[in-house]
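Two complexes are shown next, each including chain A; its partner changes from chain B in the first to chain C in the second.
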Partner chain A sequence: MKPPSPSSADAVVSVANLSRQFGAKLVLNDISLHVPRGGVFGLVGENGAGKTTLIKHILGLLRAEQGVVRVFGLDPVAEPVRVLGRIGYLSEQPDLPGWMRMEELMRYTQAFHPNWDADYAEKLRAQFGLNPTARLHTLSKGQRAKAGLLAAQAHRPDLLLLDEPSSGLDPLVRRDILEAVIRTVADEGRTVFFSSHLLEEIERVSDHVAMLHHGRLVFCGLLDDIKAHYRRIILRFATAQAKPPEVPGALSVTGAGREWAVVCRRGPDEHFIGAANLGASVVDEHRTSLSEIFVAHAEADAP
Partner chain B sequence: MIGERLPSPLSALAWEIWRQKRWWFCLSAALTIAAYVLNLCFPAAIRYTVTGYDRLLPINGFMVAGALLLIFGAFNYTGFNPQKEWTGLPYHLFTLPVKTVVLVTVPLALGVLAVETVFVTWAKFASTFHERISAPWMAVLIGAYMIFYQTILWVLAAFRSLRVITLALTGTSFVGVAFLPAFGEYISSPWLSEGFGMAMMAGLVVVAFFIAWSGVARQRFGGGQRRNIIRAWLDWAEDRLPRRERPFSSGANAQFWFEWRRSGRLLPLCLAAILIVVVLPLSWHLRHEPGAVVWILAWTLATPMILAVPIGKGFSKPDFWSSSLSVSSFLATRPLATGEWIVIKMKVAALSTILTWTLVLAFLSVWLPLWANLDSLNSVRVVLWMVHGHSVYPQYLLASFGFFAVALITWKFLVNGLWIGLSGRRRLFVGSAALYGFICLAGMITLTTVTNREEGAEPPTPYDPDRLVATVQWIVAGAVMAKFGLAAWSWRSIRRCRVQQYLWLWIGGTVGLLSGAGLIWSDGTLSALLMVLGFPPIDSLRLASLLVFSALLTIPLARLGLAPTALASNRHAR
Partner chain C sequence: MQLRIANTDGTPIYQQIVAQVRHLIAAGRLQPGEELLPIRTLAEQLTVNPNTVARAYLELERTGVVTKRHGSGTYVSEAASAMPQREKLKMIRQRVDALLVEASHLDIELDVLIEMLQQRHQAIHPETRQ
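For the complex of A and B:
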């Protein structure tokens, strides 16, 4: 049983039956999801799962070959001005023009966004410690990420799209990015779409979460609902097991000897029945973290 | 497994060079084979005589230069180091468990081997060098230049584009050195012998090798200039210029500023540099030469158009200075309509053209009245005055039309390729550049073939100007029809207000050019001009109708209509 997906009503982003192929590789396979207005929507998945490809579809940088993508109810490819005008976007490696000065970047970006809040931009610039006359190519990776974040956020976008923005950055910059996410959400009705490898971050700030695995949507829903659907139980056998026990409904089974940890989707009673059938007893059982669910799904589909 | 096929660092490095640049090697081989076949096409009477060789020299020289340049291009064995902001010996090699001397020696040795192979192959079937330069001497020079070339590329890593100038200067010096032994026939000196030259080159090669070795070793262990020096200089110069402090009134204005900063100002800057560095000193130096003024004037007027061709190739890309043809995500996510972006690029090109020609006008208005020798120009003016019923007004009218026409052509050179560059298709982009090269080559071959015809020999078909003009007329008429058809098709997706703007421009431009053409051609002015310049007379009346067709062919911006679609496909389907 899959956890319930957010409904399409009042969705900021609606994706229906989206598939995308690069050569022979199917990068997105029949993806359908809705990002509700307000709150943080976290997208997780291993490298090559299709996260960036999905985000590029949302930005209109990729045309949907199959399926439909709507952002604010509009086609981002057909209506780039109306869609991109309401989006702030920051990628893992923001390809900011290195020849621009910080102040020029702010003025340039401001011109495209009538809602640009100059005071807020200046406040962010001072907070991030960015020299207004410094050329962007002279900034460090962390400073460039901050500059990109400023440009993405100062017009108070309705949708803030962050594509693994904190990968490879130090904890201080990651903190700034997370604060930006929280600030955006604090603005009423604004939405953050946040893709990351750092599952702890996603778990800390996300209301909704979706996982992509090999181009397929594994789950999508409220984080609490998803976590409630999974359990991690410790089975203890009377004798040492030479190979992992075959637990019905298990996503992953790890351990050795007599004790084995199982991540599964089933309800608490089912665990005890299943364990009894295997000749084991449940010695511990608790809710899983997002990280454990992620790893369990990734391992379950591993060849 | 790759590891099984690459048992040593030497073969691994060789494999990497081959894998990266295999198309360059293949093209060089293809050019060599094509030249061999082409040489066979000429009769033995041409190939095996001194005059025949001399006449084939342009083709063979062009093709051997192409084949050798491709090999040199293939051995541009460099990679960008983002930390140091330079392009030197590929940075990833530094972490391999291989000694620096091996890293340096392998590409150097392979480069020499490759370039010598091509040269020896050429020397076998088409001796393209001057007879006074022996093949062994040339072989030594080419091999030595390969060593110097790679040494300069690696050691001057932080100089980036300045390396091109250094390489050009070194190459030019080599041409001079190549002819030194030839002077030995006139000046008796052991210093001018080939033997001494070879020994000298061998010594310099050894020095270059040690410079390359020590330079790369220094870079490998953390030394060297960190930042790109040219960029630092340019940044320093730009810091001294006034900067925009006010906010932009719209996104379109901001994008205009962006495009202008990246590419728009390049044409006027290049022209200004040429005017200051070349034309101005030349015009002063030759101020007493009566005939020089016409040629300097002609080159001054041609320079913006000549510059607009290569700059237009870069201008057509999403970002002039980027090697990638894809639209960066920074630009692609600007809330700006694709069609608007094209219009902005066209406006930037227009401003660039206007500024460039304003500079030309400013220079001419200073040079011509102050220090130019106007004798030859005055004779042209007298002819025009006589042809136009003793009136001076047609001269000004002709000058105005001419100026408008050359400005329009300059602008067209800048924007015509937008649909290619913005499409993001590298093959199309490279193919269009190769087409220019092919046209040059075909022109040279045709010219050589025509000039090689035996004096007094009958041409394959009797020369009949009427028939020729009639044929060309039909071809041009067909081209005009095709161009109008393409224009109608390519502009179908453009917004109506833009089409209306374009139509006004088109009608104005067409009427202007046709009027100018009528004035120039219909009363024999061109013939008179050519006579003054020493060319044989031509029948301009016969060509009048051709010019009308040509004007029609030139104006419709059919290909430009494809640009929005090309950019949209690049922006939305990467």
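For the complex of A and C:
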């Protein structure tokens, strides 16, 4: 098990210069990214950042008007059967036929997937505690998510695509979802693409992360590389500052009085900030969590 | 072998795993020759990416803390016992530093602190009393 390489050669999903407009609104603005095989790719962004629109392009539900989308090297709009047969998809609100019973859902989904593993499906059903004779409309939100997860995963897809799967679910169901992610990627060569606004989850399971903000890609790369480029630095001034100090290259500056916290990106000279010119001393410096990087970017890029 | 991953910490997860395995070895909770949990099992237990666990094990192997036996698992090196003294001292030094900072904030003099250490040592280990 090697960490997947970020090169485009072995990409499961390749997106190049994708833009999308709905009316006057530019929902995706010149997005290019590659999802390497064998890893977990986490996509973060606020609601309305364009995450679901991007995922709909990968699924072939939207045609690329500008730019190119390839999944397993194929155009998902032109070859939906060959692409979707190898994808397992779970959305925030899985669209399940409510009148069906659980066991009927399993037989129904199996019909679409030649690779369906009935033993594995049954194992998951038992593990998730889903009653085979229960009608789907009687299930709780958490059980519906589990039923959707079972249907998305029992054909052992090459690409498991999860769009905000954990939204509004309790920690136990969220753990089942994360375990499905881990099981998928633990099998050699299978890939997970996972969008969430729960940054702790993304940080825990992802090799690669990308952030969308107002339709633009803010960063995209190996999680550890991205984190290595940011620091949270505490500045202490000789006197209390009435307003946030101007720090060149800072994404966010918060605080009051004499101490201010600055989240910043490493500059071209390998330094994070030149504190000497600010009349302040650096009293502390730490690595940032993904969540701190995300918040700093969202504040810096606020319109 | 029980590890715990902190989310709020900016430290990369693989480094947290490496540090905690070293800690367990230094504390004697992982013995030379003992097998580490398989990558997949630990990944599921911690809900972290298996690639991250693999990277941590690789780092531990590179520094000689563990050895991989082909076809089976990853084991604590027999040589690992040669290293812990340094690791143990490093671990305890951090605790001592924290104690000294805390004591100085509370205006407790060093000789008072040393006396207290001796008293507490005798209270905790009565068998060593002269």
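Worth a mention:
By definition in this document, the second predicted complex is superposed on the first by the 290 of 303 C-alpha atoms of A that agree within 3 Å, B and C clash if a C-alpha of one lies under 4 Å from a C-alpha of the other, contacts with A are read in each partner's own complex, and residues count from 1 in each chain.
We adopt the following convention: a residue touches a chain if its C-beta (ideal position, glycine included) is under 8 Å from a C-beta of that chain, and two chains touch if they have at least 3 such contacts.
Computed from a predicted structure; not experimentally measured.
Of the two partner chains placed around the shared chain by superposition, neither chain B nor chain C is touched by A:F22. When both complexes are overlaid on chain A, the residue A:E203 reaches chain C alone and has no touch with chain B.
Look at A:S289: by the touch rule set out above, it reaches chain C but stays clear of chain B. By the touch criterion defined above, A:R63 reaches chain B but does not reach chain C.
Judged by the touch definition given at the top, the superposed model places A:W99 against chain B, while chain C stays out of reach. Within the superposed three-chain model, A:F112 lies in touch with chain B and out of touch with chain C [touch as defined at top]. Looking at the complex, you find that chain B touches chain A at residues 85, 235, 243-244, 247-251, 253-254, 257-258, 261-262, 328-330, 332-338, 571-574.
Interface of chain A with chain C (complex): residues 1-4, 38-40, 175, 178-179, 182-183, 185-186, 200, 203-207, 224, 227, 232, 286-289, 292. Per the touch definition, chain A reaches chain B in the complex via residues 56, 59-63, 77, 80-85, 87, 89, 91, 94-97, 99, 104, 107-108, 110-113, 135, 137. Residue ranges of chain C in contact with chain A, taken from their complex: 5, 7-14, 39-40, 43-44, 47-52, 54-55.
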